[in-house]
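A short write-up of the structure that comes next.
In this document, chain identifiers A, B and C correspond to the written order of the chains, with residue numbering beginning at 1 in each.
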């Protein structure tokens, strides 16, 4: 279904395609697939470092029998000699069967996909899209709740800059989610996104405190509040306490046992280690889902499933 | 024919050996070779970054079923602790079957080849030799013109420092080329090289402007004019216009349809994107030739063809 | 015998286990093992660069048919965003079958082993342990002398900070070695280590000059004297001459023909190139032993030998 497709934005995917990717991901965990991509080469082009994403793409490709070339330091590429991104990727497409691109500029993945003949997977470009993260978020939700349909999902933290939250909200709009955007007023989700969700008929609420809704949530998707984004440190100090999740805080919240907490990681101080051993925590499981989800996407795009 | 040979300089190769490498390269594009080097390990030792060269060697090795280890940042090697190049390569030869070396010092490849027992391929040392680049330049010319014998070849740009132009000229001296060295007076090809070409009976011309010869050329080999090399910016400004190739300039030149333009890349401003879609442009094809040519050299040196 | 064991410190190994690892290492040189670890992935996590160790682990894994992911530059990991080592390794364990860790902090490997479910091999943490180096030192001694039992072993140079010397001394305590610690007074082996050796009943001598014992030694284990460790440059100048080994110095020492000289490398000026071609020098052979020894450990820990 996805043969030769570029994976640029979660917005390019229909509900059926999303469900198909999640099913393939499940198959990837169950079935042997050791030689599926034998002889294929993935070029991991990281113009911005992201060890986690890079390594999980590498593992996914190698678990399928393929191999990987690439770089994670643009300072050592011809970019420093003034070469354009277009030239770089036109050359490298001659060395590989598929390109995975991480770039600091928004739109770099689309430009690359328009330039080369091999499929391109966006591994994050600028503040905009990181679709494989969204797929693995969805996969984790489905695995832990048994379904995607009709869930109550809270998004917590930096909803202004957090691209993973934006993309996940868009994707969940296909699945009749009720959404709670929990953030300090200064970090509210941007109006553009809200308008898109309204167009899709999503029920949503913008609130300040987790306490107001904690009993209603099936999923809580946490994000890191980036201190450096606050112009006024006093503002930061006002809110950071509310969003420091710990076992003690959860006890006070009187949440149901079925709540599952996700976080794209890395976390810093917004989520305490004491949570890790509770039944709520699924963020490490979420991180590990990067491998089956990326295996599914690589295999599909490279035409293994006709 | 080349089993266990070190590939240090194009000057070490006879006309027969060059032709043999080009034939093998062709075979590498046609024939399956997926397990030719299974179990072999290449050490990619890049004491100076060169992403393009590094990645195409990696792809070549992996396409043949071999594997690769290495580094591309000398700051993280024992060199910073004061270790000599000789010690470094004597240790690493114990980890691999073949060494590919990029080094900032002229002669580093020859020294390495004299030190270790595994074959060594020079991937560029200092301003002197980069033989695999020359092989892929020759391969591209042969592929696009159908022959190497008796061509009229223009070399354009920085002929003083451009090692790729020097090496290609030497190699083409085997094949009765007529050579046109087109550069501003300040970037003329060094006397030493000219004397060598004279000794080999090459017909050559040193000129300032592409306009004088554009109708006569089969091949135009462009190089990047490195602005920083000009002591006087006024001198640079005088010449840069002449060497900025574009579709418009080519139209004015009234060149024949059979002209093919090569460039070792990266390009900066000496060659406009408008050229890319013309039938003259073969520089991306040239870059992609790095893979079959390096596959041929790796397989030959590692004894696949007895 | 070692299935799923973490390899953290040479002190964790019994005499029988050490002998077992050395026998396996020998087998790894003799027997074909090309697909032993097919489908397995090693994560090479180098939070501190060490090219030699990294590359020999990579070669070992690839020679066994496995594959490798990893990094060698902590500045490009989530560590710079404030992520803890525990979080980093908990995520990465989901991508691999075994972790090899190099870290600048003492105890990092033990912490990692306690955190993850995959086996962990310590590739050097802080100034403390580097057990695979000790295994390859022992392997080299056994290969060159035919036995480990009852040897006279001199340790020369920086015995205060040289962790490789400390670990080797501990390991040789199992094998009735007589030990000579040869160093300037300012670089004597720390009291703690001496006490441990006394507890194990080791005969040892602390001396200043190699001349006193040169005729008695089977093995001389040299280490690099790190100039920067001396507060007073005059002190450094006093001793550096004594420890500059060369062919001329060895002739004066009237050593026996059976002496073998080891050095963990890199060397700087403490050992002259003139030694390299003598029958005493086994330090390059020692460096190359990193591959069979690491193959043995990887295969054993990953359960190839039940």
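Basically, a residue touches a chain if its C-beta (ideal position, glycine included) is under 8 Å from a C-beta of that chain, and two chains touch if they have at least 3 such contacts.
Just so we're clear, the structure is a prediction, and the values are computed from it rather than from any experiment.
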| remark: subunit B onto subunit C, same sequence, C-alpha superposition: rotation to the nearest 5 degrees is 120
| message | Looking only at residue numbers at the subunit A/subunit B interface, is the share used by both copies over half or under half? Answer same or different. | response | different
| request: Averaged over CA atoms, how far is the centre of subunit A from the centre of subunit B? Could you give it in whole Å? | output: 41
| remark: Residues in subunit B with touches to at least two other chains are numbered 73
| query | In their complex, what parts of subunit C are in touch with subunit A? | reply | 38-39, 41, 43, 67, 69-71, 73, 75-78, 81-83, 86-87, 90-92, 94-96
| said: Residue numbers of subunit A touching subunit C in their complex, please. | reply: 34, 49, 51-52, 55-56, 58-59, 62-63, 72-73, 265-268, 273, 284, 287-288, 290-291
